[in-house]
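Both complexes below contain chain A, partnered by chain B and then by chain C.
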Partner chain A sequence: MPALFPHWTNTLARATLIAVLCTLVGVPVALMAWVRTPNATRQYEPVAQPVAFDHRIHVTGQRIDCRYCHYSAERSSYAGIPPTSVCVPCHSTAWMSSDVLAPVRQSVSSGRPLRWNRVDALPGFVYFNHAIHVNKGVGCESCHGRVDRMAQVYQAAPLTMSWCVNCHRNPAPHLRPLSAITTMGYVSQRELGPQLAQKYHVRSLTTCTTCHR
Partner chain B sequence: MSAVARPAPSLALAEGDDWPVMRGAPNDAAITDMVLAPLWHTRRIWWILFAISALGTLLLLATVAYTVTVGIGTWGNNIPVAWAFAITSFVWWIGIGHAGTFISAFLLLLNQRWRGSINRVAEAMTIFALVNAALFPLLHLGRPWFFYWLIPYPATMNVWPNFKSALPWDVAAVTTYFTVSLLFWYLGLVPDLASARDSAPSRLRRRVYGLFAMGWRGSGFQWQRFNVAYVLLAALATPLVISVHSVVSLDFSIAQLPGWHSTIFPPYFVVGAIYSGLAMVLVLLLPLRRAFRLYDIVTEAHLNAIAKLMLAMGLMLAYSYVIETFMSWYSANAAERYTYLASRPFGPYAVVYWIMTGLNVLSPQLFWSRRLRTNGTALFLASIVILAGMWMERFVIIVTSLNRDFLTSSWHIYIPTWVDWGILAGSFGLFGMLFLLFLKFVPSVAMSEVKELRIEMRKTPEQEPLRA
Partner chain C sequence: MNRACVLVVIIVAAACTKSSEREPGDFERMRIQQRDEPYAASGRLAIDERMRHPPAGTMSRESEADSGAIGSGTSAGQPVTQVPLAVTPELLALGHEKFDVFCAVCHGAGGFGGSIVAANMGAPRPPSLRSAAVQALPPGFVFNIATKGIGRMPPYAPQLTARERWAVVAYLEQLQRSTSTSAEQREDSVRAIGIRGIDSTLAAEQQR
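Entry: the complex of A and B
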């Protein structure tokens, strides 16, 4: 009777064992690595909008404060996308007849709001409140990044739960004075953090129901 | 030479037991032919049983698909009875598995050589029971595709599973148990797979069995390593017989609920697990013995031993019932007393409670009789009855405790839906199908151990020469 398996199958068997072990370890490790990449978190992907609104021009060029347009950030859970009527005071003179502004003019005259596309999307089971963060010294930049440098706005933070929880466990280093809340490129001062936490009564809130209500 | 020296086995199980553990001293070739015959020739009864169990499996697939797409609102459980059929069946199936490990590992370490002809069936039963058991809590998660959240791994959520909860303990206990059982089963199979390789009728089958036999040649060196590894794995598996169901029982006993909050639970659950598992071994073994004419290697000695074990377990279980009920009265706690002395015996599920007590306590008493201990029909019927009784026991523990707890305003009756019944019935189908596939493709008796036993049974080589 000839041999059941040719000689080279020994090598194949060993290679298979190694491959199986590598797969068993490699696949979970690769998956865990992948969910941390911008591919999975959708970071740094510019989101196309109905109007080519350039934050660089408005923030860096015109030095308009974030809250001029996103005025409900301090008072509401929702930072607010401004109605097109907010554009009118300036744009009734500046660039009034530009094609870029055509959808804005249409919206103002018809009273129908523009459909902006969401950039930072939290899952429905997460409760998030802008006002409490803004009033306790968490700057816009801390979550939204250098919007002053964005031609098209993209999601700057990974928005993973660990990203939220890391700050909630130790908020002090991320705090800034309320006067600098909208500052872009703020340089944090190490001694200031704990003082601000005390001043604004910031506590570490990590119970489940802080965010999942 | 051998690192694991075994004393000469005592072939009589106890004083006065005069059944041999092997009859007619069949030679090695006869044993091989007898055990491997079902692998090469499929009988019509196999196809009929396979078709029935495949239908059951389809029912399981359908009800599981319905549950996953629609949600677990298709089940009858609702607050306060959040755990009902799913957890009942989980505990029941996992308990079934325990007898397999008990027979294969515990009895190996205790040098009970009669286990050799039934341990393969018992181990296969363990693995298939665990597959079924795992299904229920996974479905009960509601979103089973997130099952991996139960495993402690560095998640982007930056939180770990709640280690204070018994549920991650369950995951650890059950996965460990499954891994060790599978390794133990496979290791024991290797020499027999090599036998199958050597006697397979076609080249393809020789190759397939050869692949799984992993180059086993039966050399002295290989046997020596094999025995060391086998006993080491047995030593690993043995504490699991105790620990796994103890952990499962903690799901209940660490809660404050009357009916669950009891320190007797771990031993009580382990005893019940082995009890129901032995019953399942008999339910599988008795028809198998008859169908494959295994009377020479599965003798009255085996049936007698299992029946005695069942009687012992049944008595310990009855003791647990008594103590549990006594302690509720002794605690002088109104809620405890209500659950054990009013709700269970006279409440809405009183029928289940009394049937369960009757079946579990009375049926093993048959085995005081030496004649009934070796009577296949009596053993089979008693085993079915015990399996049903043990399922009801878990149902009583879970549902009667939950449906009437401290707050009378939240009392609620649990009624299973057709999906609950469908998944339960379907899990029998899956179990049957896996077991039939096992019978078709895997040597169902540990031939190598039976052959070893045969040689050890010879009094002296001169008196009874070896006929190989």
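Entry: the complex of A and C
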């Protein structure tokens, strides 16, 4: 009587085992790799806004400091988006009547805030605070990139946990003097980092409760 | 047995949420929580904001009215003629920083009114703060301009605390006393140097 399974089925059984193992390992690894790609973190994706507000015009062209508009960055956890009343004084009446600024005009006259779309967003279970970073020498550029070159703001950093923790493990090389917090295109100086870390009493915060509280 | 089943169903059902509260395509990783974020729309209230405004006719305890000359810039109805805080190097440094962020935008880092924004604004243009007329203004008056705005200039009370506004006034006084070159030398931030550069060309033009 011939064997029930021909000889080649041995190879098939081995191949199947290997394939199953590969799938068990490969699928989670692939998924883990995928969530770190810009596709999944929405990095570099420009976000359309109700008003075509251009940071290039205002920051590079008009030399307005970030804190003129995002003025709560230094003293609260939120950097904040400026109320439309901040836009009015610079934009003369002729401008305000242009179509581009119609939503701003409406918001000012009705007292209803303009709804901007969020660009950088952390999940609800992460605690983040602007004031501590800004006051300990972490510049806007380190996390938001070259905003002065963005026609539409996009998320410049992956905002994954590994990204946050990487800096928290050793923040010194990322620090800059407080006078250069909003400077774009800051060239970091190697020796300055540790000195600044000492001056601003910067700690390395990596316990889970720093960010998950 | 039946009771155990009911118990299991209750426990499992307790973990359910309305599908509208879930992020599509996400496996309920608690990324969106039932918590109000600042600046979010309320969707429920008449004014569509989650951050509430103080009720009309109320004021916060730190607000100006009850804190004398420091809060109001006036004493006995007259603008104070001296900065009511000790003018220390720290206060001047604070004033320098805040002036560069909030005032230099329009009045120029040197205070000559030569910023790029001023050139684009059209009349009434932000005036020079180095003119004799402005130098003659008492500090309490300048403080009140920073607090409440004047004409086309908006109020800066939301952006700057009373102490910061006094620091700006003290720094402005120092700036008015200095010559423009020494102001340039004290400057360290790249952006403000840019503004000062434009400023000093304007000052040179005015002298010509």
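Quick note on the criterion: the second predicted complex is superposed on the first by the 183 of 213 C-alpha atoms of A that agree within 3 Å, B and C clash if a C-alpha of one lies under 4 Å from a C-alpha of the other, contacts with A are read in each partner's own complex, and residues count from 1 in each chain.
The rule we apply is simple: a residue touches a chain if its C-beta (ideal position, glycine included) is under 8 Å from a C-beta of that chain, and two chains touch if they have at least 3 such contacts.
Remember, it's a predicted structure, so these values are computed and weren't measured experimentally.
> Which partner does A:5 reach: the first (chain B), the second (chain C), both, or neither?
first
> After superposition on the shared chain, which partner residues are touched by A:36: those of chain B (first), chain C (second), both, or neither?
Touch status of A:36: first partner only.
> Return first, second, both or neither, reflecting whether A:28 touches chain B, chain C, both chains, or no partner chain.
Once the two structures are laid over each other on A, A:28 reaches chain B alone.
> I'd like to know which partner A:161 touches here: chain B for first, chain C for second, both or neither.
A:161 contacts chain B only, not chain C.
> If we overlay the two complexes on their shared chain A, which of chain B and chain C does A:124 touch? Say first, second, both or neither.
Once the two structures are laid over each other on A, A:124 reaches chain C alone.
> Could you say whether A:62 touches chain B, chain C, both of them, or neither, answering first, second, both or neither?
second
> Have a look and say if chain B or chain C is in touch with more residues of chain A.
When the residues of chain A touched by each partner are counted, C comes out ahead.
> Okay, in this complex, where on chain A does chain B touch?
Contacts found on chain A: 4-5, 13, 28, 32, 35-36, 158, 160-162, 165-166.
> Which residues of chain C touch chain A in the complex?
Of all residues in chain C, those touching chain A are 29-33, 35, 38-39, 41, 47-49, 97, 100-102, 105-106, 115-117, 120-122, 152-154, 158-159, 188-191, 194-195.
> Show which residues of chain B lie in contact with chain A when the two form their complex.
Residue positions touching the partner: 153-159, 197, 203, 206-207, 210, 214.
> Provide the residue numbers of chain A that touch chain C in the complex, in ascending order.
So the residues of chain A touching chain C come out as 61-65, 67-68, 71, 78, 80-81, 85-86, 88-90, 92, 94, 112-113, 115, 123-125, 179-180, 182-183.
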